[in-house]
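Alright, structures below, take your time with them.
Below, chain A partners chain B and then partners chain C, in two separate complexes.
The block that comes next holds the complex of A and B.
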């Protein structure tokens, strides 16, 4: 009787192991993720995207217009997007951020400019100061029909020490964000 | 430790035997897998093109594709079965009257096959792929219904019911003609009609269930169902526990992680092994057999205890054959097959689950490796690149799966023979490491 119970226990363990493996496999990303660094240009279909710099603060001005004061803090990431594809893109970018296992949504959309143009703008997040270290900007080009879409994970290179220093220096500063300036690619 | 040793023994037996059979039958298995895949893709592509003309034609093509795919599976299983001499290992009488032709096996296995595909959403995925292909080639539009023409709301309930009844009658007529004339092509026609019939039932039935759910949600009494939940919230709220959050997390864990894993890693392998045992022809009794013998072997039904005269019995048998033919041909054998594979014991069950799961996961990882290697691309790219990748993965994993199913079924037979103390009909015929009576009996068994 005990032997039979042991056998069934082993069978249950085998089943649980396979269920665990299945769950692990299900966690694989549904996107083609590419890691890039701050200042490094990367392609997203017909566009090139570069994260130039980032700033933090508690008060947000957008295009010299007062937006608000955060109970936590703002992070503005300055990005440049250039569309050198000859045809207009019909994709929809989903911009967000991840830090400490949290997923954060940007305050406004980031859209690729028209073909032949470049746009520089700030992508603003409202986040907890604890989430600043290790912050990664994510840009997913989600096609209208779901496919294995490309996603860029842009590591801003914010180490724990770097975050502590910046919080000490600019925790209550004013962030001046730009909603976008368009230029022709020459 | 004995249990672990038994499990390792079964694992070793399955892996080495399946590997050997796979190697010996590889060319034939590869050709079968490729032809099955090409046939399915041909009809699926045709379905994608015809959907612009009529959803019914599209569904007919899809059902033909599924019949081709099932034919490939049956042929693949039989190739592996021949190498393992499974038919000879099953203790059957010399004058066993069962028909082992492909068309007969098709008609017998089509229902469980499509049933497995329906349960694991393969049918729905195939229908979705038709829609996606349509949108990719014709542009995303909501002006023209694609497969929603098949839903009761799209075509009308009575049209769907009429088509289902007409197909059922047509199938019965073709079955009757096939049985009286013995013309093999008629068996295939019957299988295709049945495939079409089942696909309509599955897709329309799904819509009916959704409609029913919406209807219930729109009724006033639906609120009553929320009362117990609110009561629980009040009770646990007093204790400072957010019970709805706890239940949500538990529900999410079950439906998103545990249940998909259980269905893919435990239920699906068992159902496929049951289907394989149908193909190899395990000794199953039909409902009519039970009636004739006057005693049910597997299920105690009220009908089995009825006492009737010869004339009444004959009439009842004819009635039963006419209206419960499906029960005889499909449901009962499937039920018996599931019993067969569940009854061989825990260590073998565990070994089979581990082997089958490895192939399933391996397939997924292989697919992922190809996708990751090629990088992110729009849907139009995957519409072109997807099929060759799918073919490559299919050629690698599908023959392995067939061979594993055949080997596992052969091992089941050996274990049953050893347990009942009866010699196998053909012992020692398994290539490599034959699971003969002696071998099966030598498996260390815990007291």
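The block that comes next holds the complex of A and C.
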């Protein structure tokens, strides 16, 4: 009886090990999520990301070029990315946002700057004003195989009261977003 | 030796073999997935990509703060510099490009600057798209790097790192 139980136990352990191995090597998509706050720097491979501030409005200009007037509203999150490590270059990150259970895509991708440089730029979303409170910026470095890809969830710290105040103040304002220029890390 | 001691010895030997095989396999996987580089002889031709492609020779690597174009000159941002890599290549019928990274001795690598980021055109093309029989088989690849890195450049390497092998990627070295 004891021998048979041991055999079953070994079989179960072997199955769990195979499932774990498949999960680790990418058969199942996995993200390794880190929560950070507005103004807090966080690493994503060889780069450091900091969300500095955010603004809202109904009219959008990108690099002084008129883009359009939204039927809802724009949210621009100012982000600084510094690449200060010799790790492998990443071509782009998937940038999005979540609020009220909705997932939103940014208007453009976020490209990490090349080694030794930093770039400050705005990431723009078009969203319903109801989704402003609790908005979280997500940055995912998706590898060719899915194996615990690192993802940053940056909480902008927008409370319901804060969102209501800002909507009252700047709901119809103009957002001036910048695609950003690179600077050397000193 | 008692039967119990023999069992313990057998278990220890089995455990040691499993550890050795697993360790060897992990070391091989690590070596296979970590890109290695090997410097070519100065000015020598090489095929930077493992899966074939262009044969390229690095003719010169020039650091400059300003690039002349057919319109206005392009100035590097403060603390940065342009690196112009002049390459000669053997054109291929399928028009294979030369997407090469600039490699520093500390392992940092920079991708080529998009020519559209410059205010005008340069004299030489920034790609290796000549066909066999064309007069010009030279191209210049332009990089923007921090000024403090200009003294420690190793050369040009393949931009593709997906190839898994223990073989080293050739690093194109300029003539001395």
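Throughout what follows, the second predicted complex is superposed on the first by the 152 of 186 C-alpha atoms of A that agree within 3 Å, B and C clash if a C-alpha of one lies under 4 Å from a C-alpha of the other, contacts with A are read in each partner's own complex, and residues count from 1 in each chain.
Convention: contacts are C-beta pairs under 8 Å (C-beta built on N, C-alpha and C of every residue); 3 or more make two chains touch, one makes a residue touch a chain.
From a predicted model like this one, the values you see are computed outputs, not experimental measurements.
Undergrad: If you stack the two complexes on chain A, which partner ends up touching A:4: first (chain B), second (chain C), both, or neither?
TA: In the superposition, A:4 contacts chain B only.
Undergrad: Of chain B and chain C, which one touches more residues of chain A?
TA: Result: the larger residue contact count on chain A belongs to B.
Undergrad: Tell me which partner A:160 touches in the superposition: chain B (first), chain C (second), both or neither.
TA: A:160 contacts neither chain B nor chain C.
Undergrad: What is the contact status of A:72 with respect to chain B (first) and chain C (second): first, second, both, or neither?
TA: Neither chain B nor chain C is touched by A:72.
Undergrad: Figure out whether A:115 sits in contact with chain B (first) or chain C (second), or with both, or with neither.
TA: After superposing on A, A:115 lies in contact with chain C but is clear of chain B.
Undergrad: For A:18, select first, second, both or neither according to whether it touches chain B, chain C, the two together, or no partner.
TA: first
Undergrad: Is A:183 contacted by the first partner chain B, the second partner chain C, both or neither?
TA: Second partner only, chain C.
Undergrad: Let me test your reading of the model: by the given contact rule, A:41 touches which partner, first (chain B), second (chain C), both or neither?
TA: Neither partner.
Undergrad: Would you tell me the residues on chain A in contact with chain B in one complex that are also in contact with chain C in the other?
TA: The answer is residues 144 of chain A.
Undergrad: Going by the contact rule set out above, which residues of chain B touch chain A in the complex?
TA: For this pair, the touching residues of chain B are 2-4, 6-7, 132, 135-136, 140, 257-258, 260-262, 264-266, 345-347, 349-351, 353-354, 357, 360-361, 364-365, 368, 371-372, 374-379, 381-382, 445-447.
Undergrad: Chain B touches which residues of chain A in the complex?
TA: 2-4, 6-11, 13-15, 17-23, 25-26, 28, 31-32, 34, 45, 91, 141, 143-151
Undergrad: Which positions of chain C touch chain A when the two form their complex?
TA: Counting only chain C, the residues touching chain A are 77-80, 101, 104, 106-111, 144-149, 161-162.
Undergrad: Which residues, counting only chain A, touch chain C once they are in their complex?
TA: That would be residues 86, 88-89, 114-117, 144, 181-186 of chain A.
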